[in-house]
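Read from first to last, the chains carry the letters A, B and C; within each, the first residue is number 1.
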Amino acid sequence: MEPVIIGLVLGGMYALLAQSFVLTFVTTRTLNFAVGEFVAVGAFATLAVASWGWLPTVGKIAIGVLAAALLGALVYRFLVLPFTTQGEHDVRWLLSTVAVSFVLLNLMNNVEGPSPQRSETAKLDGAVDLLGVGVSKQQLLLAALALVISLGLIAVTQRTSIGLVMRAVSQDPDTTSLMGVSPRVVGMGSYAVAMGLAGLAGILYAANVGASPVMGEPLLVASIAVAIVGGLGSLWGPLVGGALYGVLSQVASYQWGAVWGETAGLLLVIAVLVWKPEGLLGRRAEVKL
Amino acid sequence: MTLRPTRPRSAKPRALQAVALAAAAALTLSACGGGDTDEATGTADADGVITVKLGVVGPMTGPASLYYKYMEQDLETFGDTFEDKYGVRFEPVEKDDQASPEETARAVSELINEDGVQAILGPPLSGNSLQVADTVQRSQIPWLLAGPNADEIINYDQQPNWAFQTNFTNAQIMNVLGNILWADDAKVGIVFSADGFGQSNLDNLKAWAEDNGFELSAEETIQPGAADANAIVQRFEDAGVDSVFMGITQGADTATVTRAIEQAGYEPSTIMTTGTILTDYKDVAEPSQWENVRIVDPRNFLEGGDKEVLDAVQEATGEAPAIPTNNISTYAMLDIYAQAVQEVGDANDKEAVRQAMEDIETVHIGESLTIDSPYSADDHRLYTDDPADWLTYGFDENFDLVLLGSAEECIESGC
Amino acid sequence: MSLVVEKAESGYDRNPILTGVSVRVDPGELVAVVGSNGAGKTTLVRTIVGQLALRSGSVTLEGADVSSLATHKRAKQGLMMVPEGRKLFPRLTVGENIALGRRAAGKRATGEDPVEALLEAFPVVKERWGQQASLLSGGEQQMVALTRAVAARPSYLLLDEPSLGLSPLKTLDVFRLIELIRERTGAGVLLVEQMADQALAAADRAYVLEHGRISMEGDAAELRASDEVRRAYLGAA
């Protein structure tokens, strides 16, 4: 039972970041490989205002989220969009987002130094008993947020006008612009939301591991794995992928040791890629001529 | 304290900072020389002061730059001390090894062949020292190893041997740790990071256990940056481990393990770790998690000569000692070398200086600590591996070190 | 006040297609552009909405030069295109597709909703309201695409090959719908068609596009009657 519960909780955390990959992918067909650094940006921005006593915790979190979101929008506008202009096979954005990752990492190393810094914002100490299993409150919070945010995003896309536009863009960006919608604005918007989510994950994760430039990197592999397993094209994907990946890797860890945890997770990715490359909930990409 | 960042966290150099640091250092160091001539002749000048051209090599830039900084701090802080005490002035020739073996080899060969240094201090990282060990030995130049812990750097089959260590070695600390971990025939588990440092901890602990008729009950790796360690702790519990050793490179990963231990309500009787816990751990852990964690070290950080060295560095540089253990080791090393040069009277007579180092009678650390005759031809290590000579430390709620007695006491009556 | 294309030159990378095309559509007018395959008809409408950049020349909408505006901005000013192949959002429902059109109307959404009239005349669209667009037949899809464009309250409507791939019967329906749209919305319509006969029959005025330039223009009925057009485009011997 324990590995299942811990796995679900961990999977939830990965799902939050996986959601950020899915969001940018459905609307812009790009992935931001600097997500790990946006995790740190959120954490550091919140850390910077942590000492403002007059600002409630929610405000501090909001500042971290907004900082990451704003930076995300700018990165899309100036460093992703210009590298997607040559059609579907133009993948220069891949290199430019990796470059963003390097630059941000260097900047943060210079400004903040490499050592983790204690972050007390939104920190929950101790563990709760969940069906007889001790679960860290902090991680439970992350998992719960991932669930709530994912369901929220799904509701938004299904029920609101903005969501309708998002779905339209994901299906046919050219025709969407014929409907008076700016693809650039949609892209910037989804990058903002996606990176805001990454920042949020960072703020909450920093309470556990401290804020440091490299704090997001270790989460990246698992999050991409979760996004792929669930399917990059579906907002439900991260939830399903996170649960599967989390439980499988934990069961393997408990059974055979931690080395096998990650290995089992990656084997799952390979299995999915072989058997259903679009992800469990994904939709086979339509090839446009 | 096996403080070796075998794997810097990122390979992206903090270039600006490093340049600024190097510039500042160059200024202070040249300022130390006053208006005197920079001619490092290795022999006494008119005032009877011998100026030694000392090669200093280490990761000036990059994420491991603290491992350069401690040498700089000591030279800045104690330059005058050694000049007053022994009439020896150090004129450093600084080289950046960027924490890479290739750059280390290049830097060391430049120091020897182009700069003609009279002794070499560094590199501080074991792997890089190993890389140049043969070169330095062949070049017959006193090699001042104040940082590295690896035993393999010195091959005592090669005599006379030119390398001297003032840090403890891995085999030494393992003997002390092994005795503590397996006290009362406890079941021992190790959790080690999946990198060079972790692996060498595992290898050394296993080797010691084998030599002494013990075996490990559990071996678990932790990936750098792992999000949790619940499974590791569970597997320790399942294996009945009651004595845990954490050989983990990053303090943050150590925190992940101690957090999981607390979360699981797991209470092993002994939790030992290495000095790596001193960096990057405190800020990501809670007092309840480090309550039972212990480290061992042959140095006394809380009083006496070791502490004097650290205080002096703090006072002179206005910064915390970069790597406290190595700040102390460097002091001891410079003390040994300066005495030897004074005795010989000519730093160019390297073989005589080497011999004087090997025969050193009294090593001074700060004002009040002395270590007598540490070296012999086949033992260039400052410390012994006798648990009676080592100290066990715990941590108070502010994560300040608390001296719990000698390692021997710890073995006999728990700590 | 009109939609005016002046000496437009445009095309693809190394392949100029339009070489100085001038076209004009007045409010409420139905203008046909006929021409053979590859004459540049689709290029023309894509240039007008901004999906292809002008190399020279201009597009003005109600007197304002929109040549450098992005596609979505031109759409917001009331320039709507129904692209070749309909381009419905396949996994949105019919209703959602039309809702996207409505969204584009923005401030122009005043007065009577023309969509209602269309739905009344062609109830099939309403019947399919909750279905995924990809499940509709070609003719139904074209109806939805036209309705979606009308929902945006266009001042000018560009129709690219609306009869493409439809049976003669469905084509008839589409042309009836186009007539109705013109009547109900008062929009100027630019109809690009290979089915020259029907297009000319419906249109007020017409242009003949040949190898990227306008070879003839004038009253639609007159062009339809002219020998040259009959020979080249209407299959008459």
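Convention: a residue touches a chain if its C-beta (ideal position, glycine included) is under 8 Å from a C-beta of that chain, and two chains touch if they have at least 3 such contacts.
All values reported here derive from a predicted model rather than from experimental measurement.
*Asks:* Can you identify the chain nearest the overall CA centroid, using each chain's own CA centroid?
*Replies:* Answer for the innermost chain: A.
*Asks:* Sort the chain pairs by how many C-beta pairs are in contact and tell me the top one.
*Replies:* Chains joined by the most C-beta contact pairs: A-B.
*Asks:* Between subunit A and subunit B, what is the gap in Å from one C-alpha centre to the other?
*Replies:* The computed centroid separation for subunit A versus subunit B comes out at 40 Å.
*Asks:* Could you put a whole-Å number on the gap between the CA centroids of subunit B and subunit C?
*Replies:* Centre-to-centre distance between subunit B and subunit C: 78 Å.
*Asks:* Show which residues of subunit C lie in contact with subunit A when the two form their complex.
*Replies:* By the definition above, subunit C touches subunit A via 49, 51, 70-73, 75-76, 80-81, 83, 87, 89-92, 96, 99-101, 103-104, 106, 148, 152.
*Asks:* Sort out for me which residues of subunit B touch subunit A in the complex.
*Replies:* 9-10, 12, 14, 16-17, 63, 194, 219-232, 234-235, 251-252, 255-256, 259, 262-265, 279-280, 282-284, 286
*Asks:* For the complex, give me every residue of subunit A touching subunit C.
*Replies:* Subunit A reaches subunit C through residues 161, 164-165, 167-168, 171-172, 174-183, 283, 286.
*Asks:* Considering only the defined contacts, which subunit A positions touch subunit B in the complex?
*Replies:* Going by the criterion above, the answer is residues 2-3, 6, 10, 13, 102, 105-106, 109-110, 114-118, 125, 127, 134-136, 139, 208-210, 212-215, 217-219, 222, 250, 253-254, 257-259, 261-262.
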